[in-house]
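Two complexes follow with chain A in common, the first pairing it with chain B and the second with chain C.
Up next is the complex of A and B:
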């Protein structure tokens, strides 16, 4: 048990470092696609260091304990996801939690942001909090559809513990479905990619911050170490969300291909996982963010419910047809 | 340990994990500057240079829902005519639809 506790500490520190690193890489990708040089890859580390040395400001009308607690809870809840998710190897707590738990934990950072925004008593933050709520209504549907589709496919293949992430990553869905089912899985995968910018509050779904409209929205009144914790939570959430996508749709390792075993296999699979993470960050965040402008708040839910939900429902239907055939 | 056959959850391990990660997060928080700025003019809410409203704590928490789902609410309001016969027709219609779904699927 002590060894597992130690590994939780290692995973937490790894997630923070990798989250900041991928944030830096995302900024470079974005800058290069916009014909800019962009900041150095270690810029997010400098940002955090700078925020940590700055004094915090708590607005005079704020609910102070909530205002200070929410950044802490946001970071805790987002780090909590990682021991339950495969990261190039079996999840650390594989038999102690499943995909449903991960889906609940994914909701919490957004809730913490919202409550923190409301607690600041700023009108801009209140608008940002309401926008965050509306956005959650939009993207939760396709996210849950993806989870249910994968679980259903596994269940219809006679596999038990279908919500266990170790089982999901151990039985790649592409090998279980026929051609029609694979077409359905591709549709669900695409709708899942559209969930990533929503979950992480990036363009075109960055309506809750929207600098040019509501001056930063939820995070407007945050500064110093509180803002640093939200910044870290956002970085770690990138790793968590991308890891869930990888576990559901791209759980393959590379060690078998090269005939590796033991530590060499673990290392090869882990490096391959980091490469997959980079691809997901590039497609789900950098690329979608660069090619699209911010949606209006009245467009977010209709866009999510018209396209990703319909696409994932069609995908689910195709999987159903495939299992019947 | 809760095991359903579809998945599992161990609350004790969850709490242990929560406690461990809480220590790490509080450690990171403690690395930051502990001083808070208390000067009156700096703790006033930002409201684009205007005096901020006195009380604005989620007074209309559902605004976002009404705004984003305006068309849905307008349609639902039209359906709610207040005539009991209309509600009975709707009830019968929904029961028929559910029966069809249950029988044919």
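Up next is the complex of A and C:
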């Protein structure tokens, strides 16, 4: 028991470090694609170190306790996701929570951002908060569709306890589906990739923090320590969301391939997991972010409901056909 | 924590907020863009004064606009740097005999550094940032 508690602490510290590192790598990728040199990898660490010593201003008309509480809550809620998702190994608290809990916990950081924005008494932040809410309506549907389709496929193959993330990552979905089902899974995987930038508030779905339209949006009034906490929460959320995608669609380990066992297998799987994380970050954040501009707020929900939702619905239909056949 | 130590951390990642009413901004855009790329030194432009560490005031200021500049400076979390860009901010530049331009910016805002030029070259801006880093090290 004590060991597990210790592991949870280790994993949260590790996730913060990895999150910041992947943020740095993402910035370098973005810079190289724009034919720039880009910052050093450790630049996000420097940013956080600087933000921690800056003055933390609370606006005069803000609801002070909400304004100061929400950054802490955002960071805590993303860190809480990590013990429930498999990170190259079985999830630490596999018997205590499942995919549905993770989906609910993923909503929480956005909610904290939104409440923090509303509490800061700035009209720009209020606009940003409303935009965040509208955006959530867009991306939640394809996200849940992906979860449902994977669970359905597992269920129809006669596996019990299908929402447990340990079960999902233990039985790769690609092996269970026929050719038609695999086509459906590819479609759902693609729609899931389009959820990542929306979930993390990056281009083309960064409407809630739009720099040039509403001057930073939700985070407008935050400075110093509070901004640093949101920065960290964003970094950890990248790891959490990418881990969920990996657990659903790419849960393969590499240790079986090389015939490793024991600690060596664990290490090899973990390194392979980091490589998968890098691929997801590259495709889901850097690449999509560079090739597209920001959508208008009136376009975000129609874009989500036209393409990812339709694509994932078709995918679900194909999987249904596959399970019947 | 001491001010000097704070500044040491600050110069490693400077987030700038621009306040321009003249040609200065179009001349600083290449510095952001891919040719000079200021992000390699950890410098990025931000949209809100609350996130900013460095206020760049470009070009001449009028009696009216200096009030807004002062307000932006008050909104920034301290410690903060103020940079006056271009010769207009030092002496009024080519508007030296106008009735409503500010001739010397440091009469109104605590300016840490002037970067001369009309407008300054991107290299001059980097040299200015380097000067600040050297200043902090001492």
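The criterion applied here is as follows: the second predicted complex is superposed on the first by the 325 of 325 C-alpha atoms of A that agree within 3 Å, B and C clash if a C-alpha of one lies under 4 Å from a C-alpha of the other, contacts with A are read in each partner's own complex, and residues count from 1 in each chain.
Criterion: contacts are C-beta pairs under 8 Å (C-beta built on N, C-alpha and C of every residue); 3 or more make two chains touch, one makes a residue touch a chain.
Note that the coordinates shown come from a computational prediction; the quantities given were computed from them, not determined experimentally.
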First (chain B), second (chain C), both or neither touched by A:50: second
Chain B versus chain C as contact partner of A:126, first or second or both or neither: first
Partner chain in contact with A:100 - chain B first, chain C second, else both or neither: first
Contacts of A:38 with chain B and chain C, given as first, second, both or neither: second
Which of chain B and chain C A:220 touches, first, second, both or neither: both
First, second, both or neither for A:27, with chain B first and chain C second: second
Partner touching more residues of chain A, whether chain B or chain C: B
Doubly contacted residues of chain A, that is, touched by chain B and again by chain C: 53-57, 215, 220-221, 224
Chain A-facing residues of chain C, complex: 1, 5-6, 9-10, 12-13, 33-34, 37, 39-42, 46-48, 50-51, 53, 75, 77-79
Residues of chain A defined as touching chain B within the complex: 1, 5, 8-9, 12-13, 16, 51-61, 63, 72, 75-76, 79-80, 83, 93, 95-101, 118-124, 126, 129-131, 133-134, 137, 151, 155, 160-164, 215, 220-221, 224-225, 228-229, 232, 297-298, 300-302
Partner chain A, residues of chain B touching it in the complex: 1, 5-10, 13-14, 16-18, 20-22, 24-26, 28-29, 31-33, 35-37, 40, 42-48, 52-59, 61, 63-65, 67-70
Of all residues in chain A, those that touch chain C in their complex: 27, 31, 34-40, 43, 46-47, 49-50, 53-57, 211-212, 215-216, 219-224, 227
